[in-house]
């Protein structure tokens, strides 16, 4: 009897916490989003001198209350599920854990409690709350485009890193410590600032040779942005047609447009 | 009789104000554009110390005269129309109202009268004045490309905001107030400056760890620009015509515009 | 007799000056390129203090000699041609005139003689000299891509200018003269620096509200770069297939792939 | 007999050094990668004051040991090969030579020994070591895209250089030495910094006319980035498979990979 009511409670909690298609479930999720935003604002205000000295006590109190709430929520999430490990190691499961850890670590290591901003990632739930399944699909689309062009992009990035290392060292040789290029790591940092066209200007070349090499680095950086853009665009357009697997030869080169398998000639659909 | 002449006047004013295919209507619209540009120049010159102290009186006089003109014009526009609410809540209707409000608000709140630069938006009428309907179509094309890729872009933007918040907080922890990262909002501002590759250099990392994290932020910013570009390009190309398959030869080289199949000459649609 | 020899000389000069497929003609063109580069170097060195004070006399001498050469060349070009006006008003004709004018104007207005750098444009002849007709074709391809997307791009630019004007004025109101935003034109200059992601940092917002608005401007600038890129890419790909005009109905919707006119069914090519 | 064992040794060394599909060959290649990374770290740490003064002796010792290793390796590579010249003038052959030269040149010219960072390029071997032939293919894909759009890009770059030279000279005339535009080469350097949207801010215009011209330069730079991107994207997509038309139904949905027509099932090629 007691067991049944507990299982009953578990079920009701499961629906509230994990589903957002009932009024209670939706309310729970919206409340969660509000709490996260309040939390982020509290962290930001706490970092501003004026608010920390005047309202620091209250801001910390809010943070601890929210941490308590999230800890209880995390415990409940695990409790109500049957396949606990699936949730724990899912993307949202790890984010939920990371969202409460910093507060407790912050008790021992000063400053780290600020890492509660990881709670920002919980905001990504917003898409499931408002049943924006279309948005989740779009997110997957972007990730898939990047993933399928990953081998091209990694070759590109490794080449860029090699170029950056060489230019960084040359700038160190040309400009030297007196112009701010104190050592090779800082020269490489400057080269990244230049190639990515960020250009802080905290360090900038002062000799004609250095300015000449810097100009080359800038033009390289300005030109090569076209390469990843071209790659991703080509992928984004390629991934439009989805492939259909032939039931006879298992070839996946067919698309919806095909009537016959292009590999073995098997009839895929009646006209 | 009096009613008729009033309705007559209304009709003539309607043609002058809202249509630009009569000489009087065109003159009215061109005059409007000239007045807006004179107004913008007056506002800009007034903001420059030298001109304000020497010609301030005249510049203010010009602004008030133009405000009076625009107020009369706005009243006339409403008066001559039968379906008044349709205009009032249209894009141009709201712009026309916003174009006169700041001057009157400026009487009570100092400085806000400068918001008359909203009148710049009235310049967008230029396309309809010179019957550049093609341009309006192009504007719609751009908006449609953005709109149809909006769900992809908003997922992208929300992810970027989450990344920016986390990097901003980490930089605050690493660099701290002594290097300009005074609080989390300023760190987030710096992260936006970096990720968008603007890079003012008013704040820049000074510790090796900060420079390393900054380098990662820059490379992220430099790389992800490819994502919205890829998305919009794919949309811009998708919105071209869709192909129609010929029922005789199965060629898909035909589009909606074709009357006969371009491969075998089969009649695709009756004229 | 005298007339004949003059016409003979004219012809020989014409071949040397305007054609580059004879040894003499090619030599002439290559000599021209060398002279232009020497000239550019002379102008650059003259602008550097050290070289001006030490070698200024020689550098000016070189410039005047080259100006004399170019003046004679320009006169010869006009003399040897029959259809003089066609050359004078062609792109290269105007560039050739602009290349000699600054030196003479420089006699009356100090500094303007430096505008001889317009001679750089003469270097574009390099493509015709080395019979790089393919390159000329590519240049035309780029220009055509830009031209055919011009109506889209101009709508885009006008909207961007309106946004820049409004943001610039708001920044002037928010930040004011004490933070470097001295007047609206300078605020607009700053907004352009920000939206184009250049970000000098000579002026940068200091108030939280200003930094917030700046962040929005940066994100706008970072996002909208995708729009012209998408437009030009779509154009660059569209302009691949050239249309064929149907001899019966004058429709230009057919491409090389079509056997029958897609509008009237007329047989375009035999199989 | 002696000859045979030497040829035997040669063969075994050849497999170890040039092939990575045996355990020994793979071990050799991985060891090489580790040594290169150790070497790069040693060079970087040596450039940092603190480490040079404390551990300089050991860091130099590591560098010389690695140089010795690489010299021996380079000699062995040449020795074991039959077609020596093919390797020596291949990309990797030149990189391997450049990787050892700086250390020896550094004995005579101070500082140049730091150019051993060219060894970074040896890291590109990583792709062949882990049999990432797919990555090599992708690298070739990128290079081919760039190569086939090279004529377009070079026309574009030459035009940009002409524009940069003219804007640079105009800025020198407008701003002059008192605002940091000391001479034309520095003005051109500033123009490159601006057009590529890097924007250090070490030099920035201070006069209204200069700021106006700078704004134009920025807008040019911001807009023309779309051109190379569009070109490369178009190339990246063109290099996808070409379609094959089915001789029975004239469908062009088939590619080289298809054995049977995907529309009517007709046999396109014998296996």
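First chain written, first letter: the chains are A, B, C and D, and each begins at residue 1.
Here, a contact is a pair of C-beta atoms (placed from the backbone, for glycine too) under 8 Å apart; a residue touches a chain by one contact, two chains touch by 3 or more.
It should be emphasised that the depicted structure is a prediction, and the values quoted were computed from it without experimental measurement.
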Of A-B and A-C, whichever chain pair has more C-beta contact pairs
A-B
Whole-Å gap between the CA centroids of chain A and chain B
30
Taking each chain's mean CA coordinate, chain A and chain C are separated, in whole Å, by 42
Going by the touch rule set out above, which residues of chain D reach two or more other chains?
185, 197-201, 221, 225, 229, 231, 233, 237, 253, 263-264
Does the chain-touch network form a line, ring, star, complete graph or other?
complete
In the complex, chain B touches chain C at residues 40, 43-44, 47-49, 111-112, 114-115, 117-118, 120-121, 123-124, 126-127, 134-135, 138-139, 141-142, 145-146, 153, 157, 185-186, 189, 192-193, 195-202, 221, 225, 228-229, 231-233, 235-237, 240, 253-255, 257-265, 267
Interface with chain A, chain C side, in the complex: residues 197-201, 229, 233
Could you list, by residue number, the parts of chain B that touch chain A in their complex?
151-152, 154-156, 158-159, 161-162, 165-166, 168-170, 172-173, 182-185, 194, 197-201, 204, 208, 211-212, 214-215, 218-219, 221-223, 225-227, 229-231, 233-234, 237-238, 252
